[in-house]
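As written, the chains take the letters A, B, C and D, and residue 1 is the first residue of each chain.
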Amino acid sequence: MSDPTENGRDNSGRFVKRAAESVHNLNTPSEDGIHPLSKILFGWTHRKGIGNIIFYVLMVLALAVISVDFFHARHEYLNFANYAGFYGVWGFVCFAFAVIMGWPLGHLLRRDENYYGDAGGPPEGIDPDAPMADDLPAPHHTSEGDA
Amino acid sequence: MPSMLAGLNPGWVLIIAGVASLFITMRQARQVVTIAAPLLALLLLVFAPQNMDLVTTQVLGLKMVLYRVDALNFIFSLAFLIAAVLNGIYALHSDDRIQDGAALFYAGAAVAATLAGDLMTLFVFWELTAISSVFLILRAQTRAAYFAAMRYLGVQVLSGVLLLNGLAYVLKSRGDLSLEAFTDLSDPGVLFIFIAFGIKAAFPLLHNWLQDAYPKATVVGSVVLSVYTTKLAVYALARMFPGQEHLVWIGAIMTVFPVFFAVIENDLRRVLSYSINNQVGFMVCGVGIGTPLAINGVAAHAFADIFFKGLLMMSMGAVLYRTGTVKASQLGGLHRSMPWTTLFCIIGAMAISAFPLFSAFVTKSMIISEVATAGYAVIFLMLMFASAGVLEHSGIKIPYYAFFGHDSGLRVKEAPFNMLLAMGIAAFLCIFLGLPALFPGFGHEWLYGLLPYREEAMGYSHHHLFSFDHIITQFQLLIFAIFAFVLLKRFHVYPPEKRGVILDSDWSYRKVGYSLVTWAGTVWGKAGPAMTAAFFRITSRAYNWIEAAFSPRGELARGGVLNGAMTIWTAALLGIVLLLSFMAVG
Amino acid sequence: MIDAILNAAPAWALSHAAPLLVMVPLFLAPLLALVPTGRIAWLISIAATGISFLFALILLGLVQTSPIGVVSYEVGRWPVPLGIELRVDALNAMILLIVTTIGLLASVFSWPTVVAEIPKRKRALFYSAFLVCFAGLNGVAITGDAFNLFVFLEISSISTYVLVALGSGRDRRALPAAFNYLIMGTLGASFYIIGIGFLYAATGTLNMYQISTLLPELAGHRSVQAGFAFILVGLGLKAAMWPLHQWLPNAYSYSPTFVTMFLSATATKVALYALIRFLFTVFRPDYGFEISAFSAILMPLGIAAMVVCSFQAVFQTDVRRILAYSSVAQVGYMILGVSIGTTAGLSAGLFHLVNHAMMKGALFMAVAGVVLTYQGTTIRDFAGLGRSAPWTMTAFAIAALSLIGVPLTAGFQSKLQLGFALFDQGLWWAVGLVVFSSFLAVIYMGRVLEAVFFQPPVNPRKTRKEAPVLLLVPLWILALANLYFGIAADFPLGLARDAAAAAFGVEAFR
Amino acid sequence: MNTDHHVILRVIAKMLIPVITMFAFYVQFHGDFGPGGGFQAGVIIAVAVILYALVFGVPAAMRAVPPVFTRSLAAVGVMIYAGVGFWAMLQGGHYLEYQALFHEPPGEHHGQHIGILGIELGVLCGVSGAMLTIFYAFAGRVAEIRDEDW
């Protein structure tokens, strides 16, 4: 990249050029393959101890939204929904149940990837050189159409 | 608008464009067609007069209404057409005539089926969606996709055959094939139609073609597929079976069971396929309630779903396109290299999870509210469970495992610009549809204004939608569910993603059925040759006999017994006729 | 469209449509014997057939708008028992429309095939014979006089023998075929004229309508019955009713391709029309001898034709012979429909007649295109043509599917109607045989289509070469008509229903 | 050609042919109001030419009455016949309605007279032309098989 300041001295084009450059820089991944925009948008997720922060922030938020129920009565058609904390508790229980059921279900239902025998070689009449869905070696890296 | 254009069915425009683009070899021209045709169709639809039979024809004494717009099918076809535009943009990077043509044709057939004014027309385009969509799966050109496409085609054609069967019954008992809703499921014809619709809507145990086929389609293909077939079925159910109580239960079960499968599924496009199942469950449930507000909810939720599900599919497609895989176990940390995709995916995830200010919040709540109003306590709890489940698999699992979580070390390019553009527009719609009406007709009110029962929708919007209760309860549900995720992760109770396939109801025909066939084949292999030999002996003898009689060397060609003597035949025939005439009169 | 033509036509055209339809081509035919070159003759024959086509449309419109459904024209203004009456009702209006439409399409596409198959100095005469034949066929269909019908039948037949014999330039076997046809055709015509003699002896008139009004009192008369027998056999022979069809396969296989196309779509149809006219209008289907002829003669023969000739078609190796045997089988369908003896049956038979003209016309036209570009009519010659001549072969395939009776084609519609008519009379076994015969049609057309689309060309140097545009346009008109009338069958079905109603009952006829 | 044996034939034929032709025209015009007419007259004229061909040989006859002429004659005959019909039509009558030829009131028969004569003329031309064409076609045919192979 040539020195922008050299050409950018012209007072009319200067600002536009700077803006264009910054947009360009924002969309050009650095050497390590990390997109500059990602640093701005999601850089905070790499901070040390972010897990704890999220955990505690969520806990506080949860307590906050549920505490509302104790000061504010609802009038819903289904009576049980009016109990304080119903939505929160039900949401928590359901989520946890669905996830924890993943353990036994996983043992029960998970099979080898080639269980049905269709991940192997191609059948007759199909191009044997065509790539498998599973091991497409990022085939389009060199293709056109990259913005 | 000129009357000639008014009769032009938007679906047919897409079908013609689809056929045309099969033959357009120039890539730029085809790109223009794939974008311009849906836009033209959109214009035609928007300006089409409503509630009148625009194109009719008569086939074998059966009146077919080929094109009729009303409030219910308008919103569905509008969503289909907007989605067609987005799909066109999303597909711009690929130069594939068959894929472009099949996608347009498929979209067109779905729109034409939606705009059909009678069941026969619906059936015709119903079949066309099945036949055209299979190419989107086949174009992946893998062995797994080939078999999945064949299974998919089989199931879809089965649905068509059942539908046709039902139509024959209905035509006999009711005398017409109008779109008047059915009430009595005990009529065998109606039951056939119900099951036919059920297959396409992926009712429980009839659902597995969806998770089987969609993840194996091409990058663009699964985006296109996720839009049409199931929503067309939802439209058909809303049209023909509103208030059918069985649907409430079927829908509720549909929302619940995919949640468990989605948790353990490793293939993220397959997770989204389960998510389609789950969202369609909400709609089916709403159809079962059948009240105006519920039907509003169905239409609105289908509209919103097309875009947030499409958006999620697009983001996974982009990941597949860049990395070559969508296995959760192999992905992670992609936000470093694909921030835009990550951002759009998160927007889609928030929309599908029904965060306030996102689209599902303003659509799904109508259905759930009507369920509660109708007093279905268990159904209500199931839908709430499903809402938490949606958050789990689509809201958290998809973005977390693809873009965050454990860093897979993959450093790829950001998705192509056209993909980002399509995702951006879809993301815009996901947010726009969920916004409060800052001024009339803005945000969700725009969508509500298109619904079949506008006044009920507006009433709901004013009194309930953005009420404090509604928002706070939704936040309670969501925040506690997210908290549960964080908690489970923290204590390592969350099941890790593992490679492997998850058995589902397709196991019954892919494994048991296949084994049966193999077994039968072995038996046949032993008993067969003997029978075949006998059969061939008999047939060859028969063939020799027929050949001796009919072939150019045979008896008949030589003139039969009386060699070459057609004159004898003539005389004989004359004699017979004379004899008969004389005898008949006596 | 017919209304528009009626409005646009001048008064003289309306009042003289019936004689002009026949006389214009008959006047131009000798003129063609005088013109110097074949190309001019070709253009004149297009003009002549086109004019006849317009008059056929006018006549159809006049019949449809006429309160009694009949257009009558007394030649020379001689009153009926003395003079010849041209008499058009819904039945012959339909036949006239078919003959003139096919005639027009045939003469449009004929030029390239004539150039390839007919020696230069004979081309004008060839067209002359064609116009005579065309005029004769129209004359048969238009006249109301039984003897005049014989005259026109002979006019068309004799010119047909000539046309068939002219195929000798390509295949010498055309000469014996034409001679055989001549003997058989003359036999049929003689039988017919003998039958007319018997009727004349009994009734004292030659006008068909007058005969029909006089017959009820004479139904037990021996000479009426003898006349019936002779007419049935004579016209049956002309219509290629099994087993009197044996002139047809050779005549169709060896005549010039254009003649085959024209004859297959019109000649047997017109003879069948004459047969229907006698069976339903002159004689009445409630006479005892006719009922027994229907059930004991026509129905078994129709079914035998359907099955036997389909089997024979299965084993042929020459595409034109396959189609020729298939034609006899299709005549079997029509005879079967006629033999049911109800309006539904007759209209089904007539409907199949219309559709068969469309599909056989298209099939033989496509074959003509293949003969023109690739010289050869065996199935082996057709191998791989799907690639080298996709347009021709796609139209061929459409017409073939229609012949088989695939849904959404015209052939399906008429077989459906035939099935309904048979069911109404409880003849389910005949429906089964119709289906069986269609299955045989799948086999014999399937053999050709398989060769066309799935086999590699025998001669790999066969490059992409279509039939000329002049042939493709009429071919595709017929092929698309097969598709269009397969979906919207209202027009031909309405024609056939009106025609059946007109054939039945003296009231409708008068 | 050795013609010595046929002198009488040739002389007689030369005398007869004009008479035959004359008789043909008598039959033709007599046909208007008695037995006879165009068909018979046409046959008789053809007979005159055929006699000539039999006596003097087909090539000579073909020089005198060329095949092109006979063919055209046949065609013209048909056209004359049909033309009379069209003439009646042009005059506002039905096809072949003689009464309309000269717009006559009923009772007058000029049109009938001329009409039938015109028709008969057409028949004469047609029949004689066709007879001669057929005769030439058969007589002018060269055997494809040599005589000794019969």
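The rule we apply is simple: a contact is a pair of C-beta atoms (placed from the backbone, for glycine too) under 8 Å apart; a residue touches a chain by one contact, two chains touch by 3 or more.
These are the chains along with the protein names UniProt gives them: D = Putative monovalent cation/H+ antiporter subunit B.
Here the structure is a predicted model, which means the values were calculated and not measured.
Colleague: Using each chain's Cα centroid, which is most distant from the centroid of subunit D?
Modeller: Greatest centre separation from subunit D goes to chain A.
Colleague: So the centre of each chain is just the mean of its C-alpha atoms; given that, what is the distance between subunit A and subunit C in Å?
Modeller: Each chain reduced to its C-alpha mean, subunit A and subunit C end up 73 Å apart.
Colleague: As a quick test, compute the distance in whole Å between the mean CA positions of subunit C and subunit D.
Modeller: That gives a centre separation of 35 Å.
Colleague: Could you tell me the distance, in whole angstrom, between the mean C-alpha positions of subunit A and subunit D?
Modeller: Comparing mean C-alpha positions, subunit D is 104 Å from subunit A.
Colleague: In whole angstrom, what separates the CA-based centres of subunit B and subunit D?
Modeller: 82
Colleague: Hey, what residues on subunit B touch two or more of the other chains?
Modeller: Within subunit B, no residue touches at least two other chains.
Colleague: Looking at which chains touch, is this a line, ring, star, complete or other?
Modeller: line
Colleague: For a test of understanding, state which residues of subunit C touch subunit D in their complex under the given definition.
Modeller: 12, 16, 19, 23, 26-27, 29-31, 33-34, 73-77, 128
Colleague: Report the residues of subunit C in contact with subunit B in the complex, numbered from low to high.
Modeller: Touching subunit B: residues 183-184, 187-188, 191, 219-220, 222, 225-226, 228-230, 232-233, 236-237, 243-244, 246-247, 288-289, 291-293, 296-297, 308, 311-312, 314-317, 321, 413, 416, 487-490 of subunit C.
Colleague: Quick one: in the complex, what on subunit B touches subunit C?
Modeller: That would be residues 57-60, 546-547, 549-552, 554, 556-557, 559-560, 566-567, 569-570, 573-574, 576-578, 580-585 of subunit B.
Colleague: Which bits of subunit D are touching subunit C when the two form their complex?
Modeller: 71-72, 74-79, 82-83, 85-86, 88-89, 93-100
Colleague: In the complex formed with subunit B, which residues of subunit A make contact?
Modeller: It is residues 27, 29, 32-35, 37-38, 41-42, 45, 51, 54-55, 58-59, 61-62, 65-66, 68-69, 72, 74, 76-78, 80-81, 85, 87-92, 94-103, 105-106, 109-113, 115-116, 118-123, 126-127, 130-141, 143-147 of subunit A that touch subunit B.
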